[in-house]
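Chain lettering (A, B, C and D) follows the sequence in which the chains are written, and residue indices restart at 1 in each chain.
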Amino acid sequence: MSEVTSESASTTETAEAPVRTVPAAPPARHTGRLAGPLNALAPHAKIGMVVGGVLSIVGAYLAWSTFVLNEGAYPERATLTMFVEPFGVTGFRLHITLLGLATIVVALLRVPAKHRIVRGLGVGVTAVAVLNGLWITVEGGGLGAITASDGTVAFGSIVALVGGLVTVLSATAGGLEDKPVWEWKLAWWVEWILLLVVFVLILLLVAEVLTSGGQGGVVNPYAGVVFLSLLAALAGAFAALNASGLLTWVGEVSERHRVFSVVVLLLCALALPFTGAGTEYWMTVASNIGVYAATAIGLNIVVGLAGLLDLGYVAFLGIGAFVAANLSGAAASVIGIHVPFLLVMVISAVVAGIFGAIVGSPTLRVRGDYLAIVTLAFGEIFVRSAQNNIAGLTGGANAIPNIPQVALGSFQFNQSISLGPIQLPGGVMYYVAIVLLVAAVMLVFGNLKNSRLGRAWIAIREDEDAAAAMGIRTGPIKILAFLIGAMLAGFAGAFFAHKTAVVAYDSFRFLESVTLLAAVILGGMGTIPGAVLGASILFVLPEKLREFADYRLLLFGLALVLIMRFRPQGIIADKHRKAELAEDPEDAAKEAPGALPTEVK
Amino acid sequence: MSRTRKVATTAALLAGVLALSACSTNREEASSGGGGSCDTSKGTLVVGFVAPLSGSLSALGLGMKNSTDLAVNQANQACKVPGYRLALQAEDDQATAQIAGQAATKLASDPNVVGVIGTLNSSTAQTVAPILAQKKIVEISPANTNPALTQGDNYATAPARPNATYFRTATTDAIQGPFAAQFLVQKQGKKNIAVIDDGKTYGAGLADQFAAEAQKLGATIAARLKVGEKDTDFSGVITQIRGANPDAVYYGGEYPVAGPLSKQLADAGLNIPLMGGDGIVDSTYAQLGGREGDFATNVGAPPEQQPSAKAFIDAYAAAGYSEPYSAYGALTYDAANVLIDGLSKTVGNGTFSDASRDGLISAVQATNLQGATGAISFDQFGDTTNKVLTVYTVQGGKFTPLETGTYAAS
Amino acid sequence: MSIFLSQIANGLMFGSLIALIAIGYTMVYGIITLINFAHGEIFMVGAYGGLATLTYWVPTAVVARWYFALPIALVAGALVSMLVAVAMERFAYRPLRNAPRLAPLITALGVSVALQEAVRVFYPGATAAIPFPPLFIQGAFVIPIGDGVVIRYTGILLIVVSLGLAFGLERFVERTRLGRAMRATSQDRDTARLMGIDPDRVIVLTFAIGGALAGVAGVLYGSYLNNINIDMGFQNGIFAFTAAVLGGIGNIRGAVVGGLVIGLVRALGGQYLPGGTAYDYVWIFVVLIIVLVFRPQGFFGESERVRA
Amino acid sequence: MSESVEQPELEAPPGEVTAELAEDMQIATGTREPILESAGVSMVFGGLRALNEVTFSLKEGEIIGLIGPNGAGKTTFFNCLTGLYTPTSGSVTLRGAPMPQDPARVTEAGVARTFQNIRLFPSMTATENVLVGRHVRMKQGPVSSLLHGPRFRRSEAEAHDRAEKLLAFVGLTRFADELARNLPYGDQRRLEIARALATDPSVLLLDEPTAGMNAQETEATRQLIFAIRDLGVSVVVIEHDTKFIFTLCDRVLVLVQGELLVEGSPDEVRGDPRVVEAYLGAPPDEVEAQIHAGEES
C-alpha cells in the first residue's frame, strides 16, 4: 500500500541494510530534573544496565514475603532461594527473571535503540516489583512483610525494585534513541508464516492474560494482583518490543497482507474456546464484550467518523433488544409471535435505525455540545418510557424475562458441544455467533470508512462548512451516520436479548452510554479495532478485578479524566486522521474558526 | 514535567487503591472466623452471592452481603459443615442482567460453589436462575418478588416451576400487598386510598397487588400514581391526590422515598397515615420524615417476640459491619442459613461433590427452619410458606409491632 | 382551580432551586463554552458538605435552632462546593483549555461519575439516602382558595433565597469591576487578556461563584426535602442545564426564568399531560429538545454564536 | 518534515497534464456564452445595505477580478453567488437557471469556491482532501459503499486517478500522502484549489488566492489560474492586490460601498479616476493596511 513513502531529507539509505534508520545514541546531555545524576551516570550506562539486570534477577530469587499469608504462601513460595530450587521460579518471579535476562543481553549486544529497549524492560521490572511489593505490604499488614520480621527476612521486592530503577536510570542516562525503522521484505510465504506465528502468539497471550491468577473468588484471593502483575510485565515487554521497532514492522507486514491477516485474526478469535480461556464463564464474558463492541463500533461511526457526540447511544441497543424480545415468543411480550432469529436481527436493526434517524434529525439544526445534550435527552426519555412499560412493549419494571435461547433445530445456543474428544463449553455457539457478528460489523465500519460516505463523514467532522462547499449534503449524511450506527446497535441488541434471556430497562441507563463512549475513546476514536479493544478492556478489567468492585465506578470516572488529559487519542491512535480529540493545542489554536458567517440564513 | 507527573499520579492512584482494599490484613495470624477450632481438612466450600455492590442500589446489596457473611461466619464458628470451611464469594451484578449473567456463570463454573444467595432485582434473577439451574446449583433469593420466577410465565393461570434449584425467602407481592389491604380496609376502616409506587419491580408489584385486594374489599382507589425512583420532591403528586381527599396512602417502594413522602403529605395538610411494605421498614424512616401512626407490613413475627430475630440483629451489630443490614438483611440471613443447613444435612460427615447437588436441592426443598423472619419452609414452587406477617406502626420514632397474623386469601 | 394554583406554586419552588443550579451552568458556559456536566455533582457535594458540618462539627444544640443552623449550613455548603469546583477547574479543565471541544465534555462526564462515587464510597452511610435536618420553620400555610393552596415555609425560603442570590449576582456582574472582567472574558478571551484581565483568574472566579450557588442550592434542597442522596446531582443537573439553555445560555436572568419554566413544566405536565407524574421528567426533556432545535439561543439569547 | 523541504521552483502546470485533465473534466463548450449572472442583487443586513443592485455576468473561459476597498461587500457578494446568503432582492442564475440556495447544491450545479482563510480538512491527507472534492461526482450509494463491489472499485479508482492528476496539476504530487495541516502555507492554498477543481466546476470562485504569498508564489498562482482557464473553467477572483488582478483578469469589477462602481478591462479600470478616488479617498497608510489586512468578516 505504501511503496511511495516519501522520506525526509535526513534519511540515510543503504541498499542491503534492513534497518532504514539506525539512530545513534544522542549525546548524553540531560536537562531538567535529575540532569545532574543522569549526566554523571552517562559514561557508565552500560555497566549500570547490566547491574540493574543482575539485581532484578537476584531480587526474583530472594524471598518476597516474611509472612505466610492466609490462603497459602503468597502467591507461591515465600522463601524460595537460589540454592534450594534454582529453576523453580514461576509467576511474577519468572517474569522478572526473563525481563532481567533480556536487560543484560540487550545491554551487552549491539542492538539498535538499545537504551530505549532496556528502559522498557526496566519499567516492566519496576512495575512488577512495586505492584507485588505493595500488595504484600498491604496484605501482610505493614512494611515488615517485605523487609524483616519475626526472624525471617524477605528483601526480594526491594532488590528487584532497585534493579528495575537502576536499569531505567542507566538506560535514560545512556541517551534514548529514536525508534528504528525496519525495512525487511521477505518472501510472501515467510511473511505469512511469520504473521501466523505472531497471531497465534497473541491468541495464547490473550488466553494467558484472561486465565492468569485463576478465576478468582475466595479460593483464589490473589487473582487480581497476579493478573495486574502479569499486565505490568507484559507492558514492559511490549514497551521494549515497540522500542525495537519490530512491532511497527510487523504492523507493516500485516498491512502488506491485509486479507490474510484479517482471516487469520478471525480464525484466532474463533479458536479462543480451544485455549485455557475456553470456559463457559469466559464465553459469557466474551459474548457480552462482543455485544458492547458491536454497539461501540456503531457509536464510533457517529462519534469517531462524523464527530457527533451521542450521549444516549445505549438506547439503540435497548430498542434492538426490546424489539427482539417482543418477537421472540417470550410469554411476557405483548406481541407474542415467534420470528426466526435471523429475521429478528434484521427487524431489530431496522427499527433501531429508524429511531436513529429520528434522534439524529436535530443534527440538521443543532451542533456540537448542544447535540450531545439532545441525544442525552432522547436517551433519558427512552429509559423512562421503558420503565413505564410504554404501550406494554417493555414489560416496565418486570422486564421481559424468559426469552428463549437461539436454536438451530433442537440445538440451543447455550448448550455445550463435543467435537470428538474435545468438549467445548456451553455458550460457545453464542461466542462464535458474536465473533462473526463483530467481524461483520468491523467490515461494515472499515468499508464505510474507506468510501465516499466515510470521507464525507470525516470531512464533516473536520470542517462542516467546507464540507458543504464541496458539495456534501451534510444534513442527510449526518442522519445517515446516526441511522447506520443505530442499526449496528440494533443488531447487537437482538443478540443481547437472546443471550441474556431477559431485557430490562435498567440495562440501558445513562451510565451505559458513557461506558460505550469510554470504550470508543479508550480504544481509539475512528479506528477499526479501537472500539473492540476498548470494550474488551472495560469488561475484562472489572471481571479480573472484582475485589475492587466497590471502587469500579470511581476508578472509571478518574480513568476518563486521565485519558482525556494524557492520551486523548486512545490506545490505538488513528494513524492518518488523528481524531478530533488528538489535535495538538497549537493546531487547535491555529485553526480558530474562520470569519465566514455561515449560520446567518 | 508532565511525564513525571503522569507517573506520580498513576503511582498515587495505585497506592490509594491498594490502601483502600486493606481494610483487613490477610495474614494467617490475623485470621478470624476462618474455621476457628473446627476441622477444615476437607477444604473450602463456597457460598456464592450475587447482588449490586456498586452504584446506587449498593446500599441494599451491601446489607445483603454482610448478612450472608454473618451467617457464613457463624456457621464456620459452629462447625456446621464438618470438615469444611465455608467461604463467601460475593459478586457484583451492577444491577444489570448481562453482568449478573457473567457473575452467575463465573460461580457456576467453580466446582466448590455449593449455592448462591441473591439476587436483589427480579430482572437479574431471570438471567441468573437458569444458568445456575443448568449446573444444579441452589439459588435462594431474599428479595425477588416477581411471581414468574417460581411459578412460570403463566403464574396466574397455569403455574409451573421453571427452575427446580430456585427458592426464595422473600414473600411475593401476592401475599404482602393483600395482607396490607386487609389491614387497612377491614381493620382501619379506610375506604378511599391513594396508591403510589416508584416504578420498580418491587414497588410496582406490591402496589398493584394492594390496589387489587383493596378494591375487592370495597375500598376506592382515590388515585394511582407513580413517582421517580430517585425523586424527593413529591409536591406534584401530593397536590393531585389532595383533590381526591383520601383517608390513607399506600406506597409501594422503599424508605428513602417513603419517609420524605410522608412528611410532605403532612406539610400539605394531609394528616392521613402512609402505609408501605417491608421496603420502608428501616430505622431511618422516621428521621427521613416518616410520621407517627404510619404503617408498614413486614415478613415474619416481630423480632422482640422471636429470639432468632433478636439474635440476628444483635449479632449483626456485634460484627461491626460498616453498612446497615437494610431492607433485606434478615431475609438474606435466613436464606444463607437455609443453604448452610441444607448443606450440613447433605454432607453430614461425608464429602461434597457434584453428586451431592441433587441431595442439597432436596434438602433445601425440605427445609424446616426457625429463622430470623419466622418459620421457613418452601412450597412446591420454591416459594416460602412463611405467611406470617406483622403490621408495624411508627411510635416514638420507630416501627413498633402492632399485630401479627397469617395471611389468608379473602 | 386550587389544584392548578397549587401546581403553579410547586413548580415555582422546584423551579427556583433549579434556577440556582442553572446559574452556575450558564456562567461557566458563557465564559469557556464548556457544558460542565459535573456541576450537578457540585450541587450534591454542597448538600453533603452542609450535612457533614451539621453532623460532625456543630453541637446539636445549635443544629436544633434553625436560625443558627441555617446560615452555618449554607456557608459550609457553599464553601465545600466552591472548593470542589475550583479544584475541578484547576486539575481537570484547565489543562484542556485549548483542547478540542469533545475533550473537556468527556472529562466533565468522568468528573461527574468520580465525584458521585467518591461521596458514595467515602461519606459514611451515603450508599443510601441520608436524613437532612430541618433548617427552617416547618409546616405550611394555606391560601384559602377552593380546597386551599398549600405553601410550605421551606418552599418560600427556597424561592426567596434563590431569587435574592440571582438578583445580587446579576448586580455584581453588571456593576462591579470583576463583573465587567467576566463579561469581557466571555465576549472575547484574547481581547480581554490584552486589556489586562487575567482570564485564568476570571475563570476561577466563575467556577467559584457557580460552585457557591450550587452549594447553597444543595443545602436548601436538603432542608426542603429532608433527605439527600448521591443521585440528586445528576438529574437536577440536567434539568438545570435545560433551564440554562432555555433562558439563553450565558444569561443569568435567563437561567432563572428557565428554571422556573422547568419547574412549571414538571408540575403542570405531571398534572395535566398524559402519563401523569410517571412521565413528568419526559416532558422536561421534550421541552429541552424542542428548544434546542427551534430556538437554540433560548428566550433571552442574543446570538447564535454559542452553537458552534 | 515538510517544513524542511526545499521549495522546488514554481511554474505553470505541464501542458500534457492540463490537456489530460481538460479531457477528463469536459467542461469547455467553446461557446463563450454567459454562465454566471447576477441581476440587481441587493443584500440588507438589519439596517445595513451591504449590496445594492449588483448586476454582472461571467462568460465562459473568462477570468473576472473583483476588487474594492475594505467593507465594499466583495465577500458578501461572493456568498450570494455560492448560496450561503439568499439575496434580499435580485437573482443569481447559472446558465440561465436560478442558483440553488444551498452550498452543497451550488457545488453540484458547477460552482466551486475556495476560502479566504484556508479551510482544508486538516487531518486528512492531500489526496483525501481532493477525494472529498470528488464526492459530488462519484456514484456510490450507501449499499455499494458497504459492499465494495466492482462498481465501487471502479469509481474509487477513477477518483484516485483524478486526484493524482489534480495534484500533479497544482504541483503537489510530492505531498500526496501528507496531512493537509502539515503543508506549507502556499501549498495549502494550491491544495484548496485542487480540491475545488475536483468537483468539476464550470465556475471557480477564488477568495484572495494570493493572500500572504511572496512575489514568486503569487506569480505561480497567476500561471495556475491561467492553466485553470485553459481547462475550460471560468474564474472569478477577489483580491486586494490590484497589480495581480490587472495582470490576470480579462475584466475587472470594482465594488465600492455595495455598488458596482466600474466595470471594464484592466486598462480601463486602472485609468478610471473614480477608482483611484475610491481607493485613495482614505489616507494612504489605511490603504496600505487594507491591502494587508483581511476582508471584512
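Heads up, the rule we're going with is that a contact is a pair of C-beta atoms (placed from the backbone, for glycine too) under 8 Å apart; a residue touches a chain by one contact, two chains touch by 3 or more.
These are the chains along with the protein names UniProt gives them: A = Amino acid/amide ABC transporter membrane protein 2, HAAT family; B = Branched-chain amino acid transport system substrate-binding protein; C = Amino acid/amide ABC transporter membrane protein 1, HAAT family; D = Amino acid/amide ABC transporter ATP-binding protein 1, HAAT family.
Quick caveat, the model's predicted, so the values are computed rather than measured.
Student: Of the other chains, whose C-alpha centre is the longest way from the centre of subunit C?
Tutor: Centre of mass proxy via C-alpha means gives D as farthest from subunit C.
Student: Let me have the rounded angstrom distance from the C-alpha centre of subunit A over to the C-alpha centre of subunit B, please.
Tutor: From the centre of subunit A to the centre of subunit B is 37 Å.
Student: Taking each chain's centre as the mean position of its Cα atoms, how many Å separate subunit B from subunit D?
Tutor: 73
Student: Subunit C: which residues touch two or more other chains?
Tutor: 278, 281 - these are the residues of subunit C that touch more than one other chain.
Student: For subunit A, give me the residues that contact two or more of the other chains.
Tutor: Within subunit A, the residues that touch at least two other chains are 388, 511, 550-551, 553, 558, 580, 583.
Student: Considering subunit B alone, which of its residues make contact with at least two other chains?
Tutor: Residue numbers touching two or more other chains: 58, 199, 226.
Student: Can you name every pair of chains that touch?
Tutor: All chain pairs meeting the touch criterion are A-B, A-C, A-D, B-C.
Student: Residues of subunit C touching subunit B in their complex?
Tutor: Touch residues, subunit C against subunit B: 2-3, 6-7, 9-10, 13-14, 120, 124-125, 127-131, 138-140, 142, 147-148, 150, 152, 155, 221, 224-232, 235, 266-267, 270-271, 276-278, 280-281.
Student: Going by the contact rule set out above, which residues of subunit A touch subunit D in the complex?
Tutor: Residues 2, 4-6, 8-9, 444, 447-448, 451-456, 458-459, 462-463, 465-474, 480, 484, 576-580, 583, 587, 591, 594-598, 600-601 of subunit A touch subunit D in their complex.
Student: Which residues, counting only subunit B, touch subunit A once they are in their complex?
Tutor: Against subunit A, subunit B makes touches at 1-2, 4, 6, 9, 11, 13-15, 17-22, 25-31, 34, 44, 46, 53-55, 58, 87-89, 91-92, 94-99, 101-102, 105-110, 112, 121-124, 126-127, 130, 134, 146, 148, 152-154, 162, 199-201, 203-205, 226.
Student: For the complex, give me every residue of subunit C touching subunit A.
Tutor: Touching subunit A from subunit C are residues 33, 35, 92, 95-96, 98-107, 109-118, 121, 234, 238, 241-242, 245, 275, 278-279, 281-282, 285-286, 288-289, 292-294, 296, 304, 307-308.
Student: Under the stated contact criterion, what part of subunit B meets subunit C in this complex?
Tutor: Within the complex, subunit B contacts subunit C at residues 56, 58-60, 62, 199, 225-228, 230, 232-233, 235-237, 239-240, 242-243, 255-257, 259-260, 263-264, 267-269, 284, 287-289, 322-324, 326.
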